[in-house]
């Protein structure tokens, strides 16, 4: 099982002819992902690693039946690439690109509420359902099959966590990085719910960080879950961020610190680890 | 009964302090309409004919419980006035103002699809549920109570028809002018359905004119109705309108003429009169 | 409001769209100077608001300087479908490798804007639409009023825009679309949009219709109308808030409301008359409007009788009466007038008219029959 | 990016907002000329990115010419909360009849923009928010990203804007909101926004923070940062795509990814060390980035050991290795470096490093412990 992607996932890559797009095309194929096509406007008709390139998402979807899109397009053009996938009702869109302005994401968030597609990211590493499909930039060799579902706001810290869990014999169902930007398409709660409903996932690992209140909100949901959740919060020792004027204080009212997140999660029954090794121990306890 | 408005309708007038707003406030009160408040930005706190004036629709609705708004605001500001009523979820909004640009109405039409309010108009005479409430600019004395529901795209032609029907002893339930603009909030079909469901309405009169295809679409609905519909189409002898380039021909493909409307309506079982006197005869036949 | 081709191109040029250099001329004598400026060969195009200019000899390519004045004179001497040619657009000719059709229109059925594209540009586009509809591509704006680059990209490929011009074409199509929206147009038609031998996109003919209701915020376009009206009487009427269309009959009609105005014309015809015009004085009348309406009708020498048909709603009968009485004082009303008044403030109006010994009917049919009876 | 007050006001002025005339000065000697230009009385304001300038003596009103230079010298001699005052904004003083608070902020929770207004303007606004929350009005943009005049009109009445200024206030608030959106700001704060004795609205203090991600399309704002950076090292780092925050410790950290970088700092602390910085080289590395990161860390004299912690995903380990080897050649690396490499192209990277006789750990904890051990 696992969540969101599996062996039936047909992937199209937006920005397939770019440096990152073409590199990770090869890595995804290597992992066994079913990459069926790619899109680079103006380069339709080519093929790259045997994968056909199209001018538009519509052409690609019509020709290949792609049902998942991954975006490697540079930040100024990434909002347009997301819009194109949403416009064509691609059910799952994963945006790797970092550096998309908040203004664009406010608008895209609105489109997501109106339409039926799911966006993961932006500024995320994508996801892998171990042994079945990898749609993202994670190094494939660090994952092992097993009963742990991982959700993370971070990229490389996710690899760190997955890798250490694999070393310790605690393999994974699906590992997903939801991205660290202020506005993201898929939140902790969305994924927690999917893991709660996934029969193969026995323990959930949630990797958060300081800023925003998504962890605090997730804690509310965790209270209702039947499966154990173990959390990790990075940035405990980070210096306080830059103040957003008086307005920031008026709006946020002091939430979003490491302390507030840890408190909320522990109150919800999810222990919070300070080191990855500690996290691994807690997960192992809950598997056994 | 009747449709859309009755003795429980609480009316607020947007543009109450203007020439037309204040004039028709008096005419509506005269008719017995329950006008509870008015809005003119910057003039809140006054009273006019005993009706309190507010700065915003929100203030007015909160204070008075108004559930219907009628707009007498000049065309450049009318779209803003409609938006304000929609934003505040006023269930029924009647826009008398003529001359609103198409661009504004495209946007407002989209808002109507998203929200729960109904707009009648713009560029319409409003409506009257005979003997109960008049929310509009129609001369009140021409209506008589009776079993005929009237829907019209026209303003003064509606008065002509209602007045002649009253003279002939064929009184009305509700008379509504939906407006003649290319984009209107409430269409023939919407109103036909309401009359079909109104127990007091026995015969429906539909007054159309050349241009657009609303009459043709209404004909499709009329086929499914249990009540008799008698139609009138003005502009049979009008010279052909100005061509909208090749694009107009490509988009419309020849519908919208008097002939196409008459043909569609007669095929749907609704006789089409050429003179008002003829219309009156056909209605009388169907009442008896 | 319909713009002349030369006005449409001026607007397109100001908005950075690719048009050939050129200027308008009102006499053959002005043309050589323009040709000096823009260079040969040139195209001389009659500026009249009708189709089929080319077939009527109103569009000619001139390759040598000596042919310029004679050709210009020839075109300025034409009358095309009843319209005398008063102006001439002189524009640099461009070679044409391929022709496309491009249009944006306010799409009443969809309550949106629709872009229409075809690889089969040129005069026969309507024929193509009927016989080969799949050669016509349509893109309708979405719930946000937008059309997207990826939509135009697909169309560009389907309609055969050369691949190396795709990006240029998309940029141009979206810029034209933005202009359509920003300028409150209801039609923007480029036919043909051409690819030149050098691989550039050029807008060769252009038709623009504007949204009259938006002219209060489009002063720059309103200026065009003032400068060179399609029909001076109609434009003047519009300035007073009157909606006027001249026709060939002899019963002058002044009515409030378009629906009632049309029904009045239908009734005039029914009783054997011929309306001289459509004239809607609109809602929220004032006395000045009515006076101007009378002036307009009186200036039409075909008019034998005048029919005033008013059913007051937002229009108040007393305003109409006051306007009519004003006209009575200032104008020479030399033809019989038949008035019908009903509705808002009818009683006040009747009193006012009675003082002037004018009677008014209550029912429309009565007044119409009287007006038609005048021969 | 946070703009200085004088930059914020320049931007506001360019956008037609009502600010008092004024200019920035870097020395007391420049001030008299500015005062001549704008007239007395003036306010001299220290340009430092901290709150509490007023209490620290960084804001002074000067009413006579002879006091101008001495006061300017006094302010330019201050250090406020550790920051030396290098620049001074000289601005015409304005009388104040009433003070308001006005802000627009990107509201992360609502995924929208929120306008914040209060009749209780001035320094104690946060206090007001806590103790008298109903004095703070919030308007959040709707699904179209819009805020409407009628919303601001209600707020204006509620916060006590004089009635005759309502229209002026609404226009200003919506213009500021539009500027916030158009210029890709994440904070625009006016505190106070004042009504003068003559009944004009003036923006007296202004704070602007921009969306760094949007600076590619906001060149005019990017210029401000170049001209007068808050922290030159951080700005330089940003130019190379590095995210750098200087701290007080002695373990220099180079990490890819913000989460991993924070976890690395947490671990450094856990094992008894103190991080000298936060440095995220970001995704999609290139060799130049790594070289610049090394340069930046080496320039910090507090650094005793350097910890490079890379888990390759979109960042490829071989790019990092190549960058490090490049730095090895061009820089004088005089402090011990501990490298941890895992992930994408790890094997290639290890081979490259081995050729230079450099070993790299596989696990983060090992490298962190070694770096912390250096004293």
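The first chain written gets the first letter, and so on, giving A, B, C and D; residue counts start at 1 in each chain.
We adopt the following convention: a contact is a pair of C-beta atoms (placed from the backbone, for glycine too) under 8 Å apart; a residue touches a chain by one contact, two chains touch by 3 or more.
Quick caveat: nothing in here was measured; it's all calculated off a predicted structure.
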Shared chain contacts [chain B and chain D, defined touch]: none
Winner on C-beta contact pairs when A-D is weighed against A-C: A-D
Distance between the centres, which are taken as Cα means, of chain D and chain A, whole angstrom: 28
Chain C-chain D separation of Cα centroids, rounded to whole Å: 55
Averaged-CA centre spacing for the pair chain B and chain A, given as whole angstrom: 52
Multi-chain contact sites of chain C, meaning residues that touch two or more partners: 143
Of all residues in chain A, the ones touching two or more other chains: none
Contact graph of the chains (line, ring, star, complete, other): ring
Chain-chain contacts as defined at top: A-C, A-D, B-C, B-D
In the complex, chain B residues that touch chain D: 41-42, 44, 55-59, 80, 83-84, 87, 114
Chain C residues within the chain A interface of the complex: 142-143, 148-150, 153-154, 157, 163, 166-167
List of chain D residues in touch with chain A within their complex: 2, 51, 101, 103-109, 111-114, 116, 125-126, 129, 136, 141, 143-145, 181, 184, 186-187, 189, 191, 207, 209, 211, 213-214, 216-217, 245, 247, 255-260, 262-263, 265-267, 269-270, 275, 278, 282-284, 310-316, 342-344, 346, 363-365
Chain C-touching residues of chain B, taken from the complex the two chains share: 19-20, 23-24, 27, 75-76, 96, 98-103, 105-107, 109-110, 113, 125, 136-139, 142, 152-160, 163-164, 180, 182-183, 207, 209-210, 212-213, 232, 234-239, 242-253, 274-277
